[in-house]
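Please find the structures below.
One chain, chain A, links the two complexes that follow: it is found with chain B in the first and with chain C in the second.
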Partner chain A sequence: MANTFVKISTVTVGSGGAATIAFTSIPQTYTDLKIVLSTRSTSGAAVARVIRMKINNLTTSIYSHRALEADGSTVYSFTETGTDSAVRIGLTNASSATASTFSSGEIYIANYTSANSKSVSVDFATENDATTAYLECLGYLVATSAAITDLTITPEALAGNFAQYSTATLYGIKSS
Partner chain B sequence: MANPTKLVVDCSTGITEEIELTDAEVAQMQADAETYAAKKATEDAAKEEAEAKKVSGKAKLKALGLTDAEIEALVG
Partner chain C sequence: MPKTYEPISSQTLASTQTTITFSSIPQTYTDLVLVIQAQVNGSPINTDGNINGDTGANYSFTTLVGNGSAASSFAGTNASILRYATAGYTDNTFGHNSINHFFNYTNTSKYKTVLCRANNAANGSSITTNVWRSTAAITSISIIGNPFAIGSTFVLYGIKAA
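Moving on, here comes the complex of A and B:
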């Protein structure tokens, strides 16, 4: 049977926290990539914070998304376009959320080695034992012809690091 | 005080390194944060304005004689 879904690497944040998680030298032997995140930010004053993603360390205006978000009482849709720092890829629990809870997220990158713009589908759910908790789904696009070799995930800067026990796992998926 | 660190996973070797951010990287993160905070404030204001318009619109529909169920059916 074809080995179509393979864990490439996983990382767990240690006691000091981490400002960024980066996967480098990603093998070019799969069709798609999937990142699974279980994260919490050390930021206070919020139950959730934004996460951003940078591809191949590109910081130019090649990122955009269309988002659908629900916060426990209202549903929103919105768009962000611009540089990596201006466009979220999702959300993470922050330190005002219920203690010891983590958000869950999946980022699916189709045809990551192709010379076309990269289509990404994303869904995130934050966890909070209160009314305000978030669900967010994004259709995300990265307008680069370069194959993806590096991925960097960062929580909203100045708002804290990824907290201890946050994890990120990168999977490679083959079409056959 | 030491700078925050980044976790870098080299997928070709499986080795994970914890590397202290450079001062330039920290400065860039701070700049990014300030940019995003300003952008988010604009987004939040737009959301609040949209919500206020929704509430106002529902009140006007109710004043015209529509029931709550009819208003919900129209605008959710």
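Moving on, here comes the complex of A and C:
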């Protein structure tokens, strides 16, 4: 039986950081996509910062989510709707977090070539080695009938760049 | 990369269907992962199911859920169903997806644990842990909708630890 969980591409951020992590010209030959991230931002204003995802460079109000979040003492739930710059996909460690710690995240996109809206399962954990860290689970939706060909992940405006050694790997998963 | 994440069976509905069943599941993997993207034609209900056709009171579950304004948790004991997702998650859009992990499904010394991550951007995000009080190996899995709509997809993967 064929192996159907296949690495498509890995991005590793070099010295100097990177404003975005992008996957372009994504092959249309899989059923689902999975992105595994290990990131940290250069922002010094917080231990964690929001990151966002843009699909096919679409900047219209087609993004939404419902989030479940915990910070070690309280559980929250909230929702965001709007453009790619208004709706988070998850969190990243920021530079006030303990040195050498990185957040971990998984983004699972079901049926990314279908003509239905794209529903996405998202799990993120920031890490701060004994003080405040965050767990976040999102039900995320992109209301587009277009097949996904490009993904761009960006720290929010206040969050600087992705720091050196941040990584993101895109996998393709086939159902047959 | 070793061949450790393999599709076992896939169903894309060409007509509405109330019950989806994966049967004769190969016993050659370590874990199973069931990926669902679905909508229902009728009123949204809990997305439930069973294992090996067992509809007895042999399941329990605990859920952590966020609906966009508040987080909550609830549980079911001696339930007669496996809970994949709570009410409203499978609605009349394709906004629902869930990733459901069946651990050590062939192990005949353990009750079976199923961890379910369910989402709908219009309704919420949840994590549910289920226990099926049986040491039998899992040979079939069912999912029940109200009914599931045309185009709904259900994919079962096998994962090998080695």
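Structural remarks
Here, the second predicted complex is superposed on the first by the 175 of 176 C-alpha atoms of A that agree within 3 Å, B and C clash if a C-alpha of one lies under 4 Å from a C-alpha of the other, contacts with A are read in each partner's own complex, and residues count from 1 in each chain.
Here, a residue touches a chain if its C-beta (ideal position, glycine included) is under 8 Å from a C-beta of that chain, and two chains touch if they have at least 3 such contacts.
Only a predicted model underlies this, so the values are computations on that prediction, with no experimental measurement involved.
In the superposition on chain A, the chain among chain B and chain C reaching more residues of chain A is C.
In the superposed model, A:L33 makes contact with neither chain B nor chain C. When both complexes are overlaid on chain A, the residue A:Y108 reaches chain C alone and has no touch with chain B. By the touch criterion defined above, A:N161 lies against chain B but remains apart from chain C after alignment on the C-alpha atoms of chain A. When the two structures are aligned on the shared chain, A:F78 is found in touch with chain B and with chain C.
Applying the stated contact rule after C-alpha superposition, one finds that A:S9 touches chain B and leaves chain C untouched.
When the two complexes are superposed on chain A, the residues of chain A that touch both chain B and chain C are 76, 78.
On the chain B side of its complex with chain A, the touching residues are 4-14, 16, 18, 21, 29-37, 39-40, 43, 47, 50-51. For chain C in complex with chain A, the residues that touch the partner chain are 1-7, 10, 35, 37, 64-71, 93-99, 117-127, 151, 153, 155, 157.
Chain A meets chain C in the complex at residues 1-7, 31-32, 64-70, 75-79, 108, 110-111, 114, 116-117, 119-123, 137-141, 173-176.
Touching chain B in their complex are the following residues of chain A: 8-9, 11, 13-14, 16-27, 50, 52, 74, 76, 78, 80, 85-86, 154, 156-159, 161, 170.
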